[in-house]
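The same chain A turns up in both complexes below, where it pairs with chain B and then with chain C.
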Partner chain A sequence: MTQSLDRYHRQILLPCFGEEGQRKLLGSTALILGCGALGTMNASMLARAGVGRLIIIDRDFIELTNLQRQILFNEADVANAIPKAAAAKEKLSGINSDIEIISVVDDINHANLERYCGLTEGSEYPRVDVIVDGVDNFETRYLANDVAVKHGIPYIYGGAVGTFGAQYAILPHTEKGDAPWEKLPGATPCLRCIFEQMPPPGLTPTCDTVGVLGPVVSIIANLEVVETIKVLLGNFAAVRPTMLNIDVWENTYRQLKIAKAYDVGDCPCCKHRKFEFIDGFFGSSTTTLCGRNAVQLTHKQGHVGTGSHSGGGGMNFDEIADRLRKHGKVTANKFMIRAELTDNGNPYELTLFTDGRAIVKGTKESNIARSIYAKYVGA
Partner chain B sequence: MLGMKITVNGQTRPTEACTVADLLAEMGMSGKPVAVERNKHVVPRRDHKRTELAEGDVIELVTLVGGG
Partner chain C sequence: MLYFDNAATSFPKPPEVAQAMAQLLATDAANPGRAGHRMAVRAEQKLDQTRLKLARFFNAPDHHRLVFAMNCTDALNMAIKGVLSDASGAHVITTVLEHNSVSRPLQSLATSGGGGIELTRVTCDDDGLIDPDEIRKAIQPNTKLIVMMQASNVLGTIQDIAAVGKIAREHDLLFCVDSAQSAGVLPIDIQAMNIDLLAFPGHKSLLGPTGTGGLYVGTRCPEPVSSSSGSGDHPAAFRPWREGGTGGDSSSPSQPAMYPFYLEGGTPNTVGVAGLDAGLQYVIDHDMSKTLTHEQHMVQTIIDKVADDDRFILYGPPEASKRVGTVSINIKGYEPSDAASILDDSFEIAVRPGLHCSPYAHRRIGTYPAGSIRISPGPFNTDEQLATLLDALDQIAG
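Here is the complex of A and B:
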């Protein structure tokens, strides 16, 4: 056992760590939500630090434009159209083979996040000790916030776009008020205490509209990792109690102590225990994807592919691929079908996944994406 | 009304805004996920319209970012 700690020697030397801390880390489970620019850095650093179990969920495949900032991927991954979660697991296993890495290729939504956190009856996943934010949209973040508050799991928020980033650790107020962090230093306000409503689509900039500088995402991701390690070591008093905003180009670094946001607010989530994102009230079935000119369509069970061989995500891939070949070049593997289509003179790339999701590339408009899906797949 | 001077995120600026909500509108931040602190006190969103600004106020704004 001692030998297995050798690789962690340099962090065990730290007074805040020690062997005891290392063992705590090895005995803990972190969920990494999303495996893009933030998530690859989160996963890389947490695997190296020796978090015993990592669950990595991402819905996407690796593209050339990801390589500018998504540190676990390479050109071969792009050429082979490997899902991000699967590629991350492969790379991380070569970095630290002592830990367990569970990769999940799926869209995170209100119907499955609690299961992936090991919180539902009969879930095949271990209960997670922390949720680390590596996602690229607000909806999933508000959903993660709901799950964190409902079940008393720390949620480490981080986000970045352009040259700007934000980071904040939520140590949630629980129903019973008996979580270890609620004694000292105290719980922190949740996302909805601070920003009650999720911003509507199109209002805030995305990596699509303004781009993103690689280092700012790495910085934010590493700040998330620091807070995650504090949480997993049980050192809640060390958790930074501020919402941090940085702009690495404007050279600004600002933070707001927002503990009072809980007291002065009337949070539907923390105070009224209403989990509207988990309940699906605010869920949508289309999402514009950050950093790409693309829309994802998620279909509820029973609405996926209406043909006789389909249902509940089990689409007949061969049949669909044959149909799509009439319209353009089709590539397929066991994870997906991808077709290059020309519609109305405009090029689109339609990708279908085995779970029934589709990504339409070539538009940011959900109605166009729906139309493409309806024309070539069948809604 | 010639406006007044307040400090927003460390920078002094003239403003015509009477309330926190006006200020956010003036800065093009209405509806955005912004947390506001006025003179070290957090101002929840529901109070933005009724929280009046005064000469010399120190305002801190932090925002949530969606990318990643």
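Here is the complex of A and C:
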């Protein structure tokens, strides 16, 4: 490698880093899944640290309400309606022109994530060394978890909403059990070891419905970056084995010891090697509806409380209606909630039914419908 | 699940349908006509028996001219593109009620450069009925073809195709009938009704599986391009829109000009045809006039419920006798898609919202672009199920 390492001098000084560590970082590839508040911080810090290749995927466009916490974006990006992934690439290129940044404007789903991770035959993307979580919904997280376990790629989970955040590094159990981390310190439980099923739609708060404090996302994102750097340096013994839960307003910092979750459980993913999110058995699917400019989003199994037919599925209509009222006119009866929303300047009508399915009117694009659902209902 | 979406595809199927398919898969699922071994011969015989049974059912004079298709859309494309691909400048008459399986092939021929066709869409009355006289009035010196449905997939209205067939024959025009909503529930007599091209689905009222259908090509249609002439310079030929292996005559560079092989390139769906054969047999054995009466009774009950209730809007005639088993309504205050989702989500009732692939029909009845809720009972729906449906509609309307 002929690149000058001068710019990385201050981190090379660290005993845990050194020149060798820096070269490892420059030779590695990280996938940043989602480029919102978490993802922009992840991307910014990893680019500055000199991770050689960053793949950044996000389906959304920049909105004014993003600027409160999404550190790579500015008012001109809002005015120009630039996709987040494209704007991030532009900004990051100005921060570190020595590294390669690949931006992808797309909905992440079971049909494409392995390709974007460079894991499918003929994929045009490099094989990633780590997956960094910057997404806003559990469906994508469970999908990333499947990909991580199936292919033996560390997955750095992080999430934040309100004043609360959680962060955890998954060093997956692999089929052969020969990944470097499996000798020492040992693999860590996956998301499905801890919570076998996703929370029901509509039950988890989202930044768009209950709000979010900017710094808590930055803190969680930087904790993710720390664990990512440890993984890319190959220093798996340094990876924190606990799930850290923080509430920066309540001043609570808790480390949950979850190492036993693998042993005590019967994880379909780690133990039985069933990748139901990759295979599309679980998660959501969309259908463009005949007649209207509308997309229907339905849930397959994989949520707590959703079977083939749940007749309720854990949806709390009153609570969801209350949340949606902060965004627009809401009408509701015992069969459905209808909310008129304005998202990024465009009007949408979201109709939600008791089993968690939704119809998003105002678009024929499934990725827009998914985005609206993830933001305002929570997926 | 209470299934009221039989206009899309019938459900349930008689148990004999699945049995026949499993039986064929277990014993005779060889490639018909591709070899002389006994399994291939049995598969070929199954196709031929079903072909003959269908030809008799529709009173077609020559069962070899009845070709299998993957569905009614496939059959209509074969018919329309087959007859019109050499007919540049020809005039075609169709109606506003048609399904996209007719409208779209015609539209693409009308807008294709050079050899485009001229198209007239005859409108219907407020009840969704086509006056045959309006079709007569639309005839021009260059008119070549009339294409229309026997029953509307949106309103269920039954059209007088016998009268239109008579007009077509008097004017020496070809007459193509889309029987998507009628085959298996309304009488169809290819000879008496002067039908030159009959397209039908296997999976609706004929009670077969999806992936089946067919087309009858009458002798008044242009002849196939003969394999000896080979080239594409035949002045008015019937063109196959799918060409390929037929099992016989493999040395010929072009599609053998012999029915049914001319239009049946590729391995036929023998498993599906075995199911269609069983479904058709059920229809024959169970007197389809009784099925029609049953479905009309159900539709009349729905109409009686909604017609004078100002929470609902009914489309089409108030008499079920003018319809097959299909009725379109709306519930005031609800988008059709929302109401249908509630029926599914809260009541486990299947109906079809939207435009039903018939945008011109919905424009005509004033329901474009949201469409309507289409309720289509089938032979196996019960009065008890119907009562549950009506109660659900009542609860949703509030």
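Convention: the second predicted complex is superposed on the first by the 282 of 379 C-alpha atoms of A that agree within 3 Å, B and C clash if a C-alpha of one lies under 4 Å from a C-alpha of the other, contacts with A are read in each partner's own complex, and residues count from 1 in each chain.
The rule is simple: a contact is a pair of C-beta atoms (placed from the backbone, for glycine too) under 8 Å apart; a residue touches a chain by one contact, two chains touch by 3 or more.
Keep in mind that this is a model prediction, so the values were computed, not measured.
Of the two partner chains placed by the overlay, neither chain B nor chain C lies in contact with A:225. Legend: residue contacts after superposition of the two complexes on their common chain; A:289 is shown touching chain C, with no touch to chain B. In the superposed model, A:264 makes contact with chain B only, not with chain C. When chain A is checked against chain B and against chain C, the one touching more of its residues turns out to be B.
In the superposed model, A:354 makes contact with chain C only, not with chain B. Within the superposed three-chain model, A:131 lies out of touch with both chain B and chain C [touch as defined at top]. Legend: residue contacts after superposition of the two complexes on their common chain; A:165 is shown touching chain B, with no touch to chain C. Within chain A, the residues touched by chain B in the first complex and by chain C in the second are 290-291. Note for the complex: chain B touches chain A at residues 9-10, 31-35, 37, 41-47, 60, 62-68. Residues 289-294, 296, 309, 311, 333-336, 338, 351, 353-355, 357, 359, 361 of chain A are the ones touching chain C in the complex.
Here chain C touches chain A in the complex through residues 335-338, 341-342, 345-346, 348, 353-357, 362, 368-371, 396, 398, going by the rule given at the top. Put simply, chain A touches chain B in their complex at residues 34, 36-39, 133-138, 141, 157-162, 164-166, 191, 194-196, 198-200, 203-207, 212, 217, 220, 243-245, 252, 254-256, 258, 260-261, 264-266, 290-291.
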